[in-house]
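Shared between the two complexes below is chain A, which has chain B as its partner in the first and chain C in the second.
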Partner chain A sequence: MNLSLYQDKDTWIHRLDPRTKITGIILIFAMCLCFNDPIYIAILTLGVLFILFFARSLKSLWTLRYILILLFLFSMIIWPFFVKGKTVWLCIKGFYIHKESILYAIAMGLRLSTFVMAGMILISTTKNEDITNGLIMMGLPYPIAFAISTALRLVPTFAGAGATIVQAQISRGLDLESKNIFKRFSKFIPFAVPIFIIAIRYTNLLSMALESRGFSPASPRTMYRRPYMKKNDWIVLISLLIVFVIILYIRIFLQAGIVIKDRL
Partner chain B sequence: MGIAIKIDSLHFKYRSASKDSLANINSEIKEGNFVVIFGHGGAGKTTLCFSMNGLIPRFLHGEMKGNVFVKNKKTTDYRINEMAKTVGLVFQDFEAQLFCSNVELEVAFGLENLCLNIEEMEERIKKYIDFVGLLEKRKAQTSSLSGGQKQRLAIGAVLAMEPDVVVMDEPTTDLDPIGKNHILSISQMLRNKKRTLVMVDTDYEVAMDADYVWLMKDGEVVIKDSPRQVLTNLDLLKSCGVMVPQTLEFFKKMGWEEMPLNSKETIMHIKENHPEIIVPHRTLKINRKPVGSEKGIIETKDLYFRYPSSPDDILKNLNLKIYEGEIVAILGQNGSGKTTLAKHFNRLLRPTSGEVLIKGRKTTDYKQHELARIVGYVFQNPDHQIFSSTVWDEVAFGLKMLGEDEKNIKKNTEEAIFVTGLTGYENKSPFLLTKGERQRVAFASILSIKPEVIVLDEPTTGLDYAHQISAMNMLKELNNKGRTIVIITHSMWIAEQFATRVIIMKDGIIIADGPTRDIFFDEDVLKEASLVPSQIVRVSNWLKTQSLSVDELVEELKGESFSVSR
Partner chain C sequence: MVFAIKMWNNIRMIVLVAVVAAIYAATLIAFKTAIPLIPGITEVRVANIFPMTFGLLFGPAGAWGLAIGNLIGDIFGGTFGPASIAGFFGNFLLGFLPYTMWTTFIPFCENQYKWNKKSYKSWWAYISINLISSIACSIIIGVAVDILGIAPYEVISKIITLNNFIGGLIGIILLISVYDVTTKQLGLFWIDVLNVDVKKISKTSMVGSWLVTVGSIIGIVGSFIVDVSILNIKWLSVIFIVIGSILL
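Let's look at the complex of A and B:
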């Protein structure tokens, strides 16, 4: 079973320079930080979904659906406790629920999910090697760039190992069907120990294999797929910049897109 | 010709180990030679490979005495990545050594480290991807490759760096016979190019083409000689825990002098010198009745399966009935759906459509813990399940989970530990055991639950011959006591000697299913699934005899001549 999030397609988004995509994602992150009105953020979310659609990568979104839902729900529950608004909607036994805090909570949920989805654009459309190369050409030291891309690469590997471990323990009678959440938590050890052991063994082997193929983080190396900026890259970057400037204008000069002032 | 590798009174002891892993190794390998290293598990074969590119002692620490020179470079004077230009090492675990996203990038990785420019890289990538026969897979994602293709890619990625010496650690263990032949032809091509090749393997068929065979035992090289000299020394092979060439053993037991190393030679010798055993009208009698009882225990009906995220069916319309008391071997290439099918037997996977019945009841109607008592599933890699601090706890875990009382836990755990030969290990940490021992712990932990059916995924990979035999005998013993056994395997001789029934899968369908003798007689069907019978069964097929192992064949032929002379 392939757990990797990379979608091996050939769309114009796949063909963009990794530097464009990394910069673009950072710009999208920044845009999300400009608003805290759910409607405004929802427009950005839609935009990101469109990009994913054009990158033919909605599938990887489906893989991560639980994480996205969890992020959203979590922020819906947490934020109303910390942010107070003005308009009271409900009052239960002296506990007030404000309209603004609910809206803010929705906005934050959307914002977090949009962060993840924007990250998905990068991961679903860019080969790991290209991310490494892009980061290096943006001036990151090689060991750091390599560490980042390796971490990304290992996620599906360990997810796969994790799935096998769950199956192996279920086969010996570990009962995951019981509803009691505390009981379930105590059954964590049979999963945690093997995954740590596997992770340690695997990374050890990986580093042996890397060095045996002549790799050393300190030594110079060439790039088989050296990225270069094309016309499309500049078009994407400039349009994103224009959008970002417009958004800054809306937020700073029009003071729109905010439900709670003095907060990001 | 110059010297490629010189090993000078090499000793090595791992930091935590109590005894030497390598002891007093003195050897030279000439340029352009092909050396195959044999030995039992834990004999130090892998350690020796690691010492040739400096992983020992630079990465894996310990006490090292003596020197290793590769092309006059002393391994301890260079960093591992510098040695990589001279020595290419292919690891045993091919999953961990492939870390790039597609085939061409995997090959490019080493070349980038050599700082080649784009044109040179392009040229070598093309050349070596073609060399290992993956040209049409050039842009394919690494994860989409089959086991054999991955192994070939790992080899190609090392070869592309054009090292003077290539070291391969068990490159053929996880492969089916056709995949194995592919690797062998690669080694042949390397030889023609005068590259030095060192290969560790457990299969003697690999060794036939070598210039030298080294036999290792307990960290020492006990003999270095031509393949024929080493392989015909049956007593020495046996004492080193290595599988003896079947055809040799056959001739020896028949009291014949010739020393055939494979089925071809055997048939030639029989034609020339022992034509009396060729009986033209001999016909193969096949017992078509199922060996087990009439009672079905596992049944699949119109079973289809696909992963939710994938458009392709992995299992296509499988209808299968496994009877109580059978030993069923499921064979087929990597990716043919064997494991996917087996995981349906205890509902680790649920059918996309169709159903799986255990004792006449749908798996989806059982509670998971009820199924665990009927069908035990032993995973290929014991490290996926071991977590306890003692062997006892590990084996008793399943029983505790199923809520057995203290008395039963004690009784069943003791029994499982005894049956798997782990007595005396109860209080040891499973993490400190060898791979073979860990595998037995994993097996014991399923056995203690006393399931009626035991499914084993590749129970013998990573084990040496002696351990394979003992593991299989243990299963046979359990089968005699009424358990049904299902094994997924790549090893032909294990299926031949131990299974009562063989199922062959290809691309998600069953292409053959029947009594073992029947299936192994039909070499065309086997070939369709990239399988080839073992040497002795090839001889047996040619003779049209019933036998599936050396001992059976000797007995059958002697019995025949006895009845003829009478």
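Let's look at the complex of A and C:
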């Protein structure tokens, strides 16, 4: 069972060091947080879309189209109720709709979508093992990285086992189609127990296998595929840093890109 | 908190982290789009029947496993973003509070690390700790998500609390079903794996338990009061929960 959103392509973004991509994505997240004016965030959204285009990963984004549309609509509906502006646009039965609230709602919808798209750049261009290697080289302790990479490896196995158990229980007459929230939760129990037992038995087997091979969490490690920073990585990182500094200048010194002052 | 750090030297606990994370992530992914409550942010989380059981049985490995599992769920589900960091800490608490408060949340707790389905104390401890951990998790995630502009605190905190609490209540059936197998047959109860010998409950842990409880109550009650500055209330509750968790 393949659950990964990774797109196996040979683009310059795929070839970047995982550390560059992780740092780059953090910088893009930070850039999105600098503005709450929809025009400014829209420019960032376009930039992220361009990167996805160059990474030939728009296919992955397409699989999330409904989530993105719903995220945007949700923001548009909910934020005007909680964030008030100064300029009244409409008054419906005592409820005031402010211009700034609507603009803020659009900006938050765009920001949310940009977050998802930026995360997609990392996920669709970097293999799971490269992400963990990158995290180790960025200082993540090895035992934590080992747990993450083992979990990433086990997710499809357990998801496959889960699908088999679901089929077995359905063939015994279990009805999983109920829309009632409580029933849905409780109907999960008949296959949560077998999944749990299968997985937990695996723990003892894997622990014994590791112990028999002399695995020690604290020992220093070597890597089969050690990522290293190339010229392109430094160009990307420095470019993103320059953009981030410009954005901070616009936000702090020019006081631009804000529709609601007391919110990020 | 000390066991949450010490456990990284134990191979069996590290493997348990991976296994717990994988089960949680696999279930989260399977039900990600089943019944969305706020699309892309939260859904009816059927996987929430696991946290209390994982926390009580596997202790710190359960807490780390839930945190990592939620992160992996976001990665595979395509919703990875800054909110995933808040999700990491929120889900960590969801597994961390059950085992740390189990013997320290006086008078609503057990006097030793064990689940006894015939004891009213165990049931009382389970239900009260399930409520507190559900609220604490929702406050940590709610505050971060509100700051990031993803969803208002007043909405998201209630949804997550309800989601976690209902899941936890139904999770009792899971705990009853797997408790004996895990502790006696497979020998994977966290105090046995880590050789924990608890003779005396420290006062600091009791204070920690109650700080988390007070912070959680302030945070959730504050989200219902319209005319009070929610900004101060939610930050106060976050401070209480964080300090309380460190003391635990």
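Keep this in mind: the second predicted complex is superposed on the first by the 183 of 264 C-alpha atoms of A that agree within 3 Å, B and C clash if a C-alpha of one lies under 4 Å from a C-alpha of the other, contacts with A are read in each partner's own complex, and residues count from 1 in each chain.
Convention: a residue touches a chain if its C-beta (ideal position, glycine included) is under 8 Å from a C-beta of that chain, and two chains touch if they have at least 3 such contacts.
No experiment lies behind these values; they were computed from the predicted model shown.
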*Given the touch rule stated above, what does A:M120 touch, chain B (first), chain C (second), both, or neither?*
second
*Could you look at A:S4 and tell me whether it touches chain B, chain C, both or neither (first, second, both, neither)?*
both
*asked:* Just to be sure I read the superposition right, which of the two partners does A:I165 touch: chain B = first, chain C = second, or both, or neither?
replied: first
*Does chain B (first) or chain C (second) touch A:Y202, or do both, or does neither?*
both
*Does chain B (first) or chain C (second) touch A:F215, or do both, or does neither?*
both
_Per the contact definition in the header, classify A:N232: touching chain B only (first), chain C only (second), both, or neither._
neither
*Compare chain B and chain C by how many residues of chain A each one touches, and report the one with more.*
C
_Touch test for A:I189: chain B only (first), chain C only (second), both, or neither?_
both
_Shared contact residues on chain A - chain B and chain C_ = 4, 63, 150, 189, 192-193, 197, 201-202, 206-207, 210-211, 215
_Contact footprint of chain C on chain A as seen in their complex_ = 3-5, 29, 33, 36, 60, 63-64, 66-68, 70-71, 74, 78-79, 81-82, 104, 107-108, 111-112, 115-116, 118-120, 122-123, 141, 143-144, 146-148, 150-152, 154-159, 162, 179, 181-182, 184-186, 188-189, 192-193, 195-197, 199-204, 206-207, 210-211, 215, 217-218, 263-264
*Could you pull out which chain C residues touch chain A in their complex?*
8-12, 14-19, 21-23, 25-27, 29-30, 33-36, 38-41, 44, 46, 48-50, 53, 64-65, 68-69, 72, 74-76, 78-84, 147-152, 154-155, 166-167, 170, 173-174, 177-178, 181-182, 186, 188
_chain A residues within the chain B interface of the complex_ = 1-2, 4, 6, 8, 59, 62-63, 127-129, 150, 153, 161, 164-165, 167-177, 189-190, 192-194, 197-198, 201-202, 205-216, 219-226
*Would you pull the chain B residues touching chain A in the complex into a rising list?*
53, 55, 59-60, 79-82, 84-85, 88-89, 91, 93, 96-97, 99-102, 104-105, 108-118, 121, 125, 141, 143-144, 157-158, 161, 307, 309-310, 343, 346, 348, 367-369, 372-373, 376-379, 381, 383-387, 397-399, 401-402, 431, 445-446, 449
